[in-house]
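Okay, handing you the structure first.
Chain lettering (A, B, C, D, E and F) follows the sequence in which the chains are written, and residue indices restart at 1 in each chain.
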Amino acid sequence: MSTKVIYPGTFDPITNGHIDIIERASRIYDKVIVSVAENDPKKPMFSVQERVDMVSKAVSNMDRVTVESFKGLLIDYVRSKKVRVVVRGLRMISDFEYEFQMALMNRKIAPDIETIFMMPKANYSYLSSKLIKEAAQLGADISVFVPSFVEKEIKRKMSNIGK
Amino acid sequence: MSTKVIYPGTFDPITNGHIDIIERASRIYDKVIVSVAENDPKKPMFSVQERVDMVSKAVSNMDRVTVESFKGLLIDYVRSKKVRVVVRGLRMISDFEYEFQMALMNRKIAPDIETIFMMPKANYSYLSSKLIKEAAQLGADISVFVPSFVEKEIKRKMSNIGK
Amino acid sequence: MSTKVIYPGTFDPITNGHIDIIERASRIYDKVIVSVAENDPKKPMFSVQERVDMVSKAVSNMDRVTVESFKGLLIDYVRSKKVRVVVRGLRMISDFEYEFQMALMNRKIAPDIETIFMMPKANYSYLSSKLIKEAAQLGADISVFVPSFVEKEIKRKMSNIGK
Amino acid sequence: MSTKVIYPGTFDPITNGHIDIIERASRIYDKVIVSVAENDPKKPMFSVQERVDMVSKAVSNMDRVTVESFKGLLIDYVRSKKVRVVVRGLRMISDFEYEFQMALMNRKIAPDIETIFMMPKANYSYLSSKLIKEAAQLGADISVFVPSFVEKEIKRKMSNIGK
Amino acid sequence: MSTKVIYPGTFDPITNGHIDIIERASRIYDKVIVSVAENDPKKPMFSVQERVDMVSKAVSNMDRVTVESFKGLLIDYVRSKKVRVVVRGLRMISDFEYEFQMALMNRKIAPDIETIFMMPKANYSYLSSKLIKEAAQLGADISVFVPSFVEKEIKRKMSNIGK
Amino acid sequence: MSTKVIYPGTFDPITNGHIDIIERASRIYDKVIVSVAENDPKKPMFSVQERVDMVSKAVSNMDRVTVESFKGLLIDYVRSKKVRVVVRGLRMISDFEYEFQMALMNRKIAPDIETIFMMPKANYSYLSSKLIKEAAQLGADISVFVPSFVEKEIKRKMSNIGK
């Protein structure tokens, strides 16, 4: 039986919370494909290539993990990879509802694909890429929330925007 | 005593979840006016006329149901129709809070008008016009979530946007 | 079309929050039957007759309201009364989930009966018979939460228990 | 890599919601051990043997599923079986919080064991063994919520209690 | 020990709910600094000066309260004022999660600063600056939600926008 | 202005989460009275004296903290101590609702007393005395959740019960 899973997301940028979920998934599944969504209505700060690069760097020490980007419907992509399990992190109640809506819609479209949910470490439960970017823009030290190379990329991106 | 109720919304577009609520309301009230909000801060995909047309088509077999659009404050419109009961669907916790905020504000402005809440079928609880449009834009088969003529309208609208 | 509704509950004892819901329902429905559940797993402080008496006294000035008790399954009772609408009050998120579970189970058993939800006044949203009884047992002045004759009944009951 | 998982619970009695989760798990894992908790503070209606028997009957057609009971701490039992993944179903917000509390406590005690969460079918989201037993005790037809042999067991148990 | 607290927010515009929290805080702390955030991603309707002016007018009768604006990171500003306690109002579950995310991020960056939460009056629990502005734009009478001078400012601002 | 606060609870027994809240409160208030509720409907495992002793030991190194027990209504006790601020910890949504109900009832009875809420450390957010006792009864190592002397007391108590 395949124990390959896909962990999809925007990863704009990857946080210590995402990395924690990837590590946990890689300990219980043979292969974890981290899949960066190219077309995102939320208008990412980073290009899909930049996001893939940051994720790749963050997981470079994890044997069973690979990184890709995908376009279009998650469910179509998952099928094209012959994967049957999608992994999502659940931090809070608001996650819970949105994630369940998505998972139930996906299940209706593709009953053969199952979504499973994993919990990050309790002290990553408050991390969100959005809040981290807002904090960085106001000058906060975000080094406890993201890998140091991600912190540098955010600073670089913000100084470019300022130009 | 009047048993006329108003079921207001954006209906951009109408989903099987909305239709389920309208059917339920029409079984327990003499008259259900489905009222399409013209001025919506959420910038609908469809014009108010298109939305009224789709709702009308969806409820064409329901005797006690009529469809209208309205402008301005819901409460003023409800009063102008001499209706005292507003019906809203409740799917999830996040609905719950927003709906209660709206209903409590409306009650403060117009104590004579009451909001009542109805539950859609459990397997429509995850449906949202927003998620359905996002899924359609990525190429999903949305035929299980909306009537087939609505599916066609969404596709037509999206191909027009692409031009 | 019948506009008779049933508002079921334990009413152990009736609070100002319950009375508010009954008043609201009586303004939009022709007839409201307040139905006191006889067999309650929660072991009420008051007998079913005492609870019916207190509810009756609390609604004595409301023309369209009658009070009854019932045994057994709510759905069977509702059907026996030829009523199709059950009214429930929703105060908080925890209510929401329990009420939805009950309503969805009831709907599965009896698809012809609909549950609708009403909101009490915002400043009754924190009232619960359980908390009021606990507060009274510790000597609190509960006169702002229940009618004065209910306050007296609680005190009488508690002094009897002490004997 | 082991793809054996444990799905623990009280199963007092097993419902269609539990069976749905077991089926889903058995489609994505090689082996699913359904583990019936012997010592439960909630004082089950059925003995551990009766509960194991009903679960066994309910899953008899599922190849990859076995049924056991366990005593003591879940985490110790999971380790003794050399399993690293515990599966839990998530239906509602209240589940969510309790399950997360349990999972985070378990993780602290046993960081090597991971809890993953799966969603039942939307129209099983309201099922609970507790509500089903209460409904049965009031005479409800519960045949849509549990397998027919479970319904019979509940009736038998209740008539014995009445004696 | 310092009993100076900061109550930060966008206050676009100040509502009766905010004023209730400020009054409560001023009764239990020696000094309350209401701090209007200058740089807000939500694009306020009113300039920071207009918002400061409205807050100042609303609290003019409260001895222990002062009003300021601030730029940049809240935590840096709080430290620069030598304050250690930030006050936030909690109305609903959705507040709860967002506020906790913010407070936990702030705590990680600045462990010396504590966030405490206060509850507004129950019948202000549904007030939000956003909903009030939306209602005003549709012609609602908002005089029960904000001080009368704030109502005038909103009307003036909206008529200017219309020009 | 008084900066004395009361932190009431059952403390059956005190956990690392409680201790975290007490420490935080003691850093921002001059005096923290930890008040152990004598009459608790939840039937504590430990006597009020045992609970006071454990709390006292846990806070022995905190200068500004004292420990007491109280009987009867919290609000009456708070007034008798001439304190105006009650501190409560908020961990989860379910806490939130119950705590708000209690705080709003207390406010109605005693408008002069204010309840403020504090957040424990994120990785204590899952701790509950009830779950810890259940885990201990099943043989779990609970040394990461409570001080070591509390762990010993729980074991001693459980072995006595067994006799």
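Criterion: a residue touches a chain if its C-beta (ideal position, glycine included) is under 8 Å from a C-beta of that chain, and two chains touch if they have at least 3 such contacts.
Bear in mind the structure is a predicted one, so any value in this text is a computation, not a measurement.
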{"item": "Co-neighbours of chain E and chain B - touch as defined", "value": "A, C"}
{"item": "Minimum number of chain-to-chain touching steps separating chain A from chain F", "value": "1"}
{"item": "Contacts common to chain B and chain F (chain labels)", "value": "A, C, D, E"}
{"item": "Reference interface B-E: repeating pair among A-F, C-F or C-E with over half of contacts shared", "value": "C-F"}
{"item": "Per Cα centroids, the chain farthest from chain B", "value": "F"}
{"item": "Approximate Å spacing (C-alpha centroids) for the pair chain A, chain E", "value": "33"}
{"item": "Distance between chain centroids, defined by C-alpha means - chain D, chain E (Å)", "value": "47"}
{"item": "Sequence positions of chain E contacting 2 or more other chains", "value": "93-94, 100, 104, 122, 125-126"}
{"item": "Chain-chain contacts as defined at top", "value": "A-B, A-D, A-E, A-F, B-C, B-D, B-E, C-D, C-E, C-F, D-F, E-F"}
{"item": "Residues of chain A touching chain F in the complex", "value": "93, 121-123, 125-126"}
{"item": "Sites on chain B touched by chain E in the complex", "value": "39, 41, 72-76, 93-94, 97, 100-102, 104-105, 108-109"}
{"item": "Complex contact set, residues of chain E against chain B", "value": "92-94, 125-128, 131-132, 134-135, 138-141, 144-145"}
{"item": "Chain C residues within the chain B interface of the complex", "value": "1, 3, 24, 27-30, 84-85, 90, 93, 96, 100, 103-104, 107, 114-119, 122"}
